[in-house]
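The same chain A turns up in both complexes below, where it pairs with chain B and then with chain C.
What follows is the complex of A and B.
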């Protein structure tokens, strides 16, 4: 139903998420933002069970900010990803696990861009590209085929467009618009929303 | 993920109901369509599909509440329209239920799902809003009020609460409308319809809101019409249409119209 995708370039990470908030078979909202800003250069994309998504993402967000207040400096994307995973793992075998799937994207001064894939079973993997949702089945092969580590920003956006066109063509559910953001050493940039035109 | 849970579950199967029913002795009565009726007294608007795993409330999937409630923002505030029927299975328990809860003079909450859950939690919300007002010497915003409610019910997620409500009000950022439910959803929007008749209501309001700049009168008519159309098609909605208008000075109770009267009126207009 929901779709997340991330593509890492040489000095940036491009991420996109669909904008539908659904409840059973109804679209309740068509401009939902599923990205949570953890810090100036870290974004958390979160999908999954109703309620769990926002509650968990805001919990992580506030804790990252608290760390900054307490210690005077921010957590790196790698540290933030591991912190998030640890929280997921701690709750996994409790009575109230968080059923959420995440992508964490960030830019580190020393390590450069990073994309981290996390799922509801608290797996963590740093990956050059990743996707969540049923849409991932349709688009991961496209990413496998056309991804190169030295993609420019425009090429990465074109690759993203390819993926979204495929979803528009083959995915049974209608996902009319996607929020797109790019993280580089300057910070987080909002790109134009992608709205695939009717299937050919 | 709501749809995923519906697709993956085998419990969306109405053929189970006959079998389920025969198994019940006296005690907790569960009506044909899974409506809960404890002690013969309390009624709920919730429809529960029968679970085949015996995990209890954990695996309950509620995608129907026997009601139609809607709210939409427009230029001059928020229109809130609800029906007034309560059903226990195929029995109509009441045609005069108040499904709009007046939280305070400028905040309204609608009721869909368990009647007790809705009225209890919204009363609790009213108390929290008043405390906020006393502490901060200013009115609470609609966003904050809905967040308070969402956080309160999130603690009970999975324990069987059934509540689908819209928090409507006017604060310093203008008209506010949030949908909050017992699943943990909290969504801000311009238009929501909740309940078994919601899909029918969406059809009317979506097409009616296309032309922007409605007057108050037109917006009220649209809300009334949408609920009427929903009650026409949905067996679990009916009774009267209660209409409220939220504006900068607070909320006003606009009208209460019997659905059958509306039917006569609209038929006459067609002729």
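What follows is the complex of A and C.
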């Protein structure tokens, strides 16, 4: 039901998530923010089991901050992704696994932009673009067709719009709005919410 | 004399000797001074003289606990590391459970209760440090607290701990002005207080400041020297 998407450009990462918080067949909240700020240049997008998502994401968030306090500098996106994966993997074979699907997006001074795909079985993969949810089945092919590594910011937003239009057209559920954010060397920027209008 | 062996035993005149001795250890540590201004809080420490071959930067006596709180200590550095680490974890734990940053008083209370626990446990000794904890609460109020090995804590407008703490405190009592609006005045007061007891001036001072809604900033050596020169010129003008 929930949808996450990330697109990496030359010097930025664009991420978007839907804004619905649902309980069975009811939309409880239409402005839920599924992105968690781990540090000044790292975002964690988190969907999955209700409760597990916020619990796990906030736990990771505070541990990343603790690292910053202890060591005087922040974890890189790659280190943060691996730390998250390790935590998820440890909990997986315990009595209390977290059922969450994640995208971690960040910008590193030396390595540049990075997008990491993680699923509830604690698989971790660095990818140029990625998506979670049923919507991924509909949009990954669009990304395959139109993605280029040298996308500009505007082109990436257009590609994102294409994906969301496709969801609006073919996905059975109505996802009326999406939060969009962009990470580059200056940090995290909030972009305009995308709200697809009536299918053609 | 046998009353100073076990920490958990009172002496006939009501002393916990181990705690008293811990306070002696604190008096041997290098001086730290803290000043609470209206819009800025300042912590200054006397830099220990390092050996010729030792790298200067590895001796850090001012530690950031969270984005809104930081502290300095006097006494056993190794003991301080433990306290600082526990406090850092507690700051994040507080944020996780309550979604709000911990107040300066909360974290001071937490540190003090750890210290007190160690004065009442068998087989452990008290922490040999006093600490000065400064910061801003999320409502913008500045605070300065002092803790000592016994586990008590008090709020102060300005205070000093460690070697020559008495001299520095007397200087602060004479020169502290209520409602110091200017940040520069607050910083200068801390530096002047330290200069009273530190040999060879600005080179042996480490200073950290925090303005409301900003994170802790360690002043660079050149900035400290600028303040020191300004203070010297003011002194000369007066005499």
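Definition applied: the second predicted complex is superposed on the first by the 200 of 200 C-alpha atoms of A that agree within 3 Å, B and C clash if a C-alpha of one lies under 4 Å from a C-alpha of the other, contacts with A are read in each partner's own complex, and residues count from 1 in each chain.
The criterion applied here is as follows: a contact is a pair of C-beta atoms (placed from the backbone, for glycine too) under 8 Å apart; a residue touches a chain by one contact, two chains touch by 3 or more.
This is a predicted model, so every value here is computed, not measured.
After superposition onto chain A, the modelled positions of chain B and chain C are compatible, with room for both. Chain A is touched at more residues by one of its partners, and among chain B and chain C that partner is B. By the touch criterion defined above, A:123 lies against neither chain B nor chain C after alignment on the C-alpha atoms of chain A.
Of the two partner chains, neither chain B nor chain C is touched by A:195.
Residue contacts after overlaying the shared chain place A:70 against chain C, while chain B stays out of touching range.
When both complexes are overlaid on chain A, the residue A:50 reaches chain B alone and has no touch with chain C. In the superposed pair of complexes, A:32 makes contact with chain B only, with no contact to chain C.
When the two structures are aligned on the shared chain, A:22 is found in touch with chain B, with no touch to chain C. Once the two complexes are laid over each other on the shared chain, residue contacts for A:59 go to chain C alone; chain B is not touched.
Shortest separation of chain B and chain C in the overlay equals 6 Å (C-alpha atoms, whole Å).
Those residues of chain C that touch chain A in the complex are listed here as 64-66, 85, 88-89, 91-93, 95-96.
Those residues of chain B lying in contact with chain A across their complex are 1-4, 6, 63, 150-151, 154, 157-158, 179, 181, 183-189, 192, 198-199, 202. Contact residues of chain A toward chain C in the complex are 58-59, 62-63, 65-66, 69-70, 72. Taken in their complex, chain A has these residues touching chain B: 1-2, 21-26, 28-29, 32, 47-52, 54-55, 96, 99.
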